[in-house]
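Below, subunit A partners subunit B and then partners subunit C, in two separate complexes.
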Partner chain A sequence: MNLIHDIWRSIVRRDPLSTDKGKSELVFLNVWLHIHPAKVKKENMKFRHSFYLGFITFFLFLILLTTGIALMCYYRPYPPQAYQDMKDLQFAVFMGPFLRNMHRWAAHGMVVCVFLHMCRVFYTGSYKKPRQFNWVVGVVLLLLTLGLSFTGYLLPWDQLAFWAITVGSNIGSYAPLVGGQLRELLLGGHSVGEAALLRFYVLHVAVLPSAIILLTIVHFWRVRKDGGLSRPVWKLKAKTETLVTIGAPPAVAPLQATAASKDKTYGLMEVVTGKPIFETITPEEEEDTVFSYPYAFVREAVVLMGTVTTIMMMSLFLNAPLEQLANPAKTPNPAKAPWYFLGLQELVSHSAVLGGVVAPALMVLALLLIPYLDRNPSRRPADRKPILWLFTLFVVANLILIVIGTFFRGPGWAFVPPWVHVTGGVE
Partner chain B sequence: MNRRTFFKFSWGTVGFGALISAVGVSLGAVVRFLVPSVFYEPPQAFKIGDPADFPFGPPTFLVDEKIFVFRDRDKGFAVASAVCTHLGCTVAHFQSDNRFHCPCHGSVFGPDGAVQHGPAPRPLQWFEVTLARDGMLRVDKDKAVPPNYRLMV
Partner chain C sequence: MERKLQQTFFALSILALALILAAEWQANTPSWKTYQRNFLQLEAQDEPNAAAKSAVLATPLEIHQVMLTGLQRVDRCTTCHLGVDDPTLKSAPEPYRYHANLGPHIASKFGCTICHGGQGLATDKESAHGNVPFWPSPLLSAEYVRASCGRCHKEGDVPGVPELAEGRHLFETQGCRGCHKSNGVGGSIGPDLSEEGASLRSPEWLEKHFLAPNEVSSGSAMPNFHFTKDQARALTYYMLSLTNEDMGSYYSSVRLIPSPQYGQELFTEKNCIACHSVGGVGAKTGPDLLGVTKRHSAEWLDEQLVNPQLVYPGSSMPEYDLETNARKALLAFMTTATPEDAQSIVAGRKTALKPEDVAIEAGKQDFARFGCVGCHGTELQGGVPNPNAQGGEVPSLLHVADDYTKDEVIAIIRDGKAPPLDNPAGPTPPLYMPSWKHVLSDEDINRVADYLWSKQQKKESW
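Up next, the complex of A and B:
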């Protein structure tokens, strides 16, 4: 008995979880959990502040990682075989369709949730000092997510995939000077062919996932260093809050030396001068804090289970589309890019250069620069009405374009409402 | 500047410059590596067959080559690209109005390939068609020709 106890104690070295010390040690003695603080601010963890969109996005990414690795066991990135393997996954592999569906719906979900997460961060003003750069990291993560989705779209090598990537990659070739060369570099040839499939595969399973993992680590680390989730807007005081900074000379009374309490110990690493860059908490905020175990962990676990369950349920009932084998000679009518690029395709159908290059470039640039252009220090919605309206306009315009491109465009890109049935063009 | 700072500065410059050039050369090599030296793609110049096999009147569409072969009793042969200049979809030639229609974004090209409608930025390309030594028609997609180019056989 003693031996088992010894082994257990060598693995789990913390105090029992019934004690506060044990709850703290669970977090900071564990390499996987220590990205969390030992204590979190209760109010910051409220659902109506963040809608847990960042967590959902991260969990969707975990689903994509696991199902993606599973799918790799049955996939060869080579033109005729790739499509054959999709058919195999669809009809012969045990649970093949289910795994493929999960991968597909989690991918769409991730694009949606990354975007919604960005909206939440914008509306709560959480990109403001000191979090400006983390917003930039987030925008890059959004672009990487789109890149992953786009490269994955080609892999089934069916008509849908082939033409979506043909149209999508041609949009890129309108970029001035380097557009054509970039497209050739991406495709490894002059048109979407076997070289393109292999390159998209490499990007999809190796390059982009590594990039997204590395940047996610930076993203999370910065959130943690900046004091966790931002303060909910309803906790913000009307006047711009002056942050109390540890080490700053007190404004009113000098610090009183308090007698060290006997049940608390401190491990002090080093004393350095200077102010910390991150948000520090005021005494009244400290009362608001609770231990991460179980308060935050239970919530995260519930979100994880909810995300997995939702994707699993969707995958039971909705099948990922698979059309006929890619045929470079026969363009389906209409040929559409993946849905999140249909807004772009709609713009491109009006003007290739303006819609395909200028508009998206300006959009990305504006997104990247938001935290630096918005000089208003207040995070309260009442203080930042104009910019909230501007952002809403941006979101709504994007949505309208995507809806038009998805549902209102028929053969020859003619305006066709979804309730009108069209049977092929005249020839 | 004394001797010590001079050497510090010059060694620093040399070292830093060497580092930057090493990184630059490596990056250049990576980019060059990614540019294929050999394209395993269909050749740009190819034979399409005996001139006698092509009918007069409506153009013949060659699926793999993505070209239309026109043959006129008086004027001869002409070859047009079937790739839309907008986003690379394959256009179809409609008998009804003798025009090319793109299924993707509704671009319409006239009989001479000129853009008549839609977002296409350039007219359809016409390719040089010649008679090879063995009497076959030979098309070279690398050689663009004006729309009035004709090969009399």
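Up next, the complex of A and C:
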């Protein structure tokens, strides 16, 4: 009896909830309530503010992690066997197709949701002070997601995989000076082969997931430390308050305890002077908050189940593509990169330097620097029309290029509308 | 709102559970289980008593597979085709019927797909029969399935499949290699055919292509060779048998016994008598071959046939590109050859033996082997249509000596030549003379020229 009690106490270390100490420890000792703030603003939980895109992305990643580990049990990363393992998953492994479909659709979904999440953060101006660096972390997470998708693309070792990666890695090789060497480092040779498959596998199951998990922790922690989700744009007052960074206190004032400010914070309040770096809430807003548990948790749980059921539903009815065994001697015409790189391939078809070097470099650089280049402190859409238009133009141009590359390009990269049937695509 | 959210969560959880069950149901009801259940019903019918019946019906349903490491294949066909090796099922309905006439090619050693095509790993009918996108080799129809014999039986006659030897013979004698590569030898005007049997092109397409190239592949540079239907069929069979698949030693060691008769045919066809004699009958340039198999080991002789220059540097013996079985057949003939045999071969010749025959014969050999005959004809008559080239066709070579010196001809063979245009503004003619200097040695080219000169005809006077 004592043993059971001891075990129980080792797991749940708080005092009974009948005591005040126990009630407070329910929050203090709970890791989830530290990733979440104890209380959240009601407005911030509104679906139309964030569309829960960050959560959906994270949940898709969880699906990918679980299905991916299961798939690893059936996969050998060397050429002919890799393809045979795909066929085994399709025909002999119990629920194999379902497993692979889930992984495939969740992967495409994650690329889409990461991108949409980025758009939401941009349109609400949430990358602005104090969240600049978390935007940068987010951009790196976007690149890691693309890297995971790209490395995973090769693993089935079919024609689709082989040629998409051949084309994709060729786009990268246009970078001046280092392009060719980078490509060789990635592929372990001059062309996609055994070495490339093994390297992509290692990147896909070990290196990139570890990196993405680490950065996700940083990303979440920063969201919490930057004051939770940004206020919905419709709650913004016309005049924005400027935030002060904690740094050196004014030279004249020695470090001393000061009276509690009106602003409620969870920081080192009353020890240092100056306002905290994160967004604070006013007492009026304080009344507008609710406890994370259960209010935020139940919403996240609904989004989790919504995400899982959507992916399951797709996986029941839509099968992940698998073409014939990769054949380096037979180039499909046209050979296309993965869809999210087709915008770049479209540019490459006009100018290798533009599509292979200038456009991707500019895109990544611009995305990374947005929070520092955009000096406008206001988050209200009315105050930032030009940059919203500019971003919309960027998104739409990208989408148009991807749509053209996906649906309107036939043999020899000639313009062929999707309703025109072209024969002899494979030679 | 909160209550609604909790209800939504609950509803979605139930939905997730239902979807998992649906996925499990989907995974648990593959079509092969139905086929196996029906098969067990069929088997149980013949059982004498109820106990035996239920014992048969209780057989676990499972995927059957034949692992063929030597062929790098896994065939799961027997998951549904449950009676292939059971002679009592001779008249059972498909897919349970016994496969008769297999000879040594039993399913457990050979699987099914090596002959029939289709997708061995698949476990549903459509995918297994390969009638799905992205599977290059669907099931071969009964008409063409015998072509698969040639995947292992690469040489000599295959009993019951004369088409294969005929197709191979046509390929080697009609000059296909002038445009097409096969196993590294040949031109590059047309596609490489080394793996034609594994391509996505259907047998029907191939056969039509041989009869009328332009009907199935518009704008093709391939001339119409006016093959007969049987020849087109034979060539199709040969094409279907061409794969670079590694058959493994067990399967590729399958050889037919080389016969002295086949050797004698080759001896005659390759015109060995132009250099060699047997017991003094024949030409004297090369050594006499009577009893040659006693003087040299079989390995030595085989090497001599494969690579004469390696055995005797400076030897004037040409390389004949003979397959293993053909070489064995020649050696078999050598052990039995008599001067009388040689006499009958000499008697069958159109022209008397001359000393120049050596170089001419070697030139003729090259002319055939490297596919010159594909465009210029087996009798140098030319005549293959080549739109917008002067004269509209590939020129005959029977009169080159009238227009060129021997050195000029040698230069043309070395460096190639674009045909002069009929209409300078018209399209480029599909056929052209490729450069051979990287394929043929200077010596070979000289011999080809010798051969051409030996065939020159007097200009017709009018």
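Here, the second predicted complex is superposed on the first by the 360 of 427 C-alpha atoms of A that agree within 3 Å, B and C clash if a C-alpha of one lies under 4 Å from a C-alpha of the other, contacts with A are read in each partner's own complex, and residues count from 1 in each chain.
Keep this in mind: a residue touches a chain if its C-beta (ideal position, glycine included) is under 8 Å from a C-beta of that chain, and two chains touch if they have at least 3 such contacts.
The shown structure was predicted, so the numbers you read here are calculated from the model rather than taken from an experiment.
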Simultaneous placement of subunit C and subunit B on subunit A, clash or fit: clash
First (subunit B), second (subunit C), both or neither touched by A:31: neither
Contacts of A:335 with subunit B and subunit C, given as first, second, both or neither: first
First (subunit B), second (subunit C), both or neither touched by A:301: second
Location of subunit C clashes with subunit B - one stretch out of 3-11, 129-137, 165-173 or 435-443: 435-443
Subunit C-contacting residues of subunit A that also contact subunit B: 329, 426-427
Complex interface listing, subunit C residues touching subunit A: 2, 5-6, 8-9, 12-13, 15-16, 19-20, 22-24, 26-27, 63, 72, 74, 76, 119, 121-124, 127, 133-136, 191, 195, 200
Subunit A - residues contacting subunit C, complex: 80, 84, 87-88, 90-92, 94-98, 158-159, 294-295, 298-299, 301-302, 305-306, 308-309, 312-313, 315-316, 322-324, 329, 426-427
Subunit B to subunit A touching residues, read off their complex: 31, 34-36, 39-41, 63-64, 66, 86-90, 92, 94-96, 101-106, 118-119, 121
Footprint of subunit B on subunit A - complex, ascending: 163, 166-167, 170-171, 184-185, 188-191, 193-195, 328-335, 345, 348-353, 411-414, 425-427
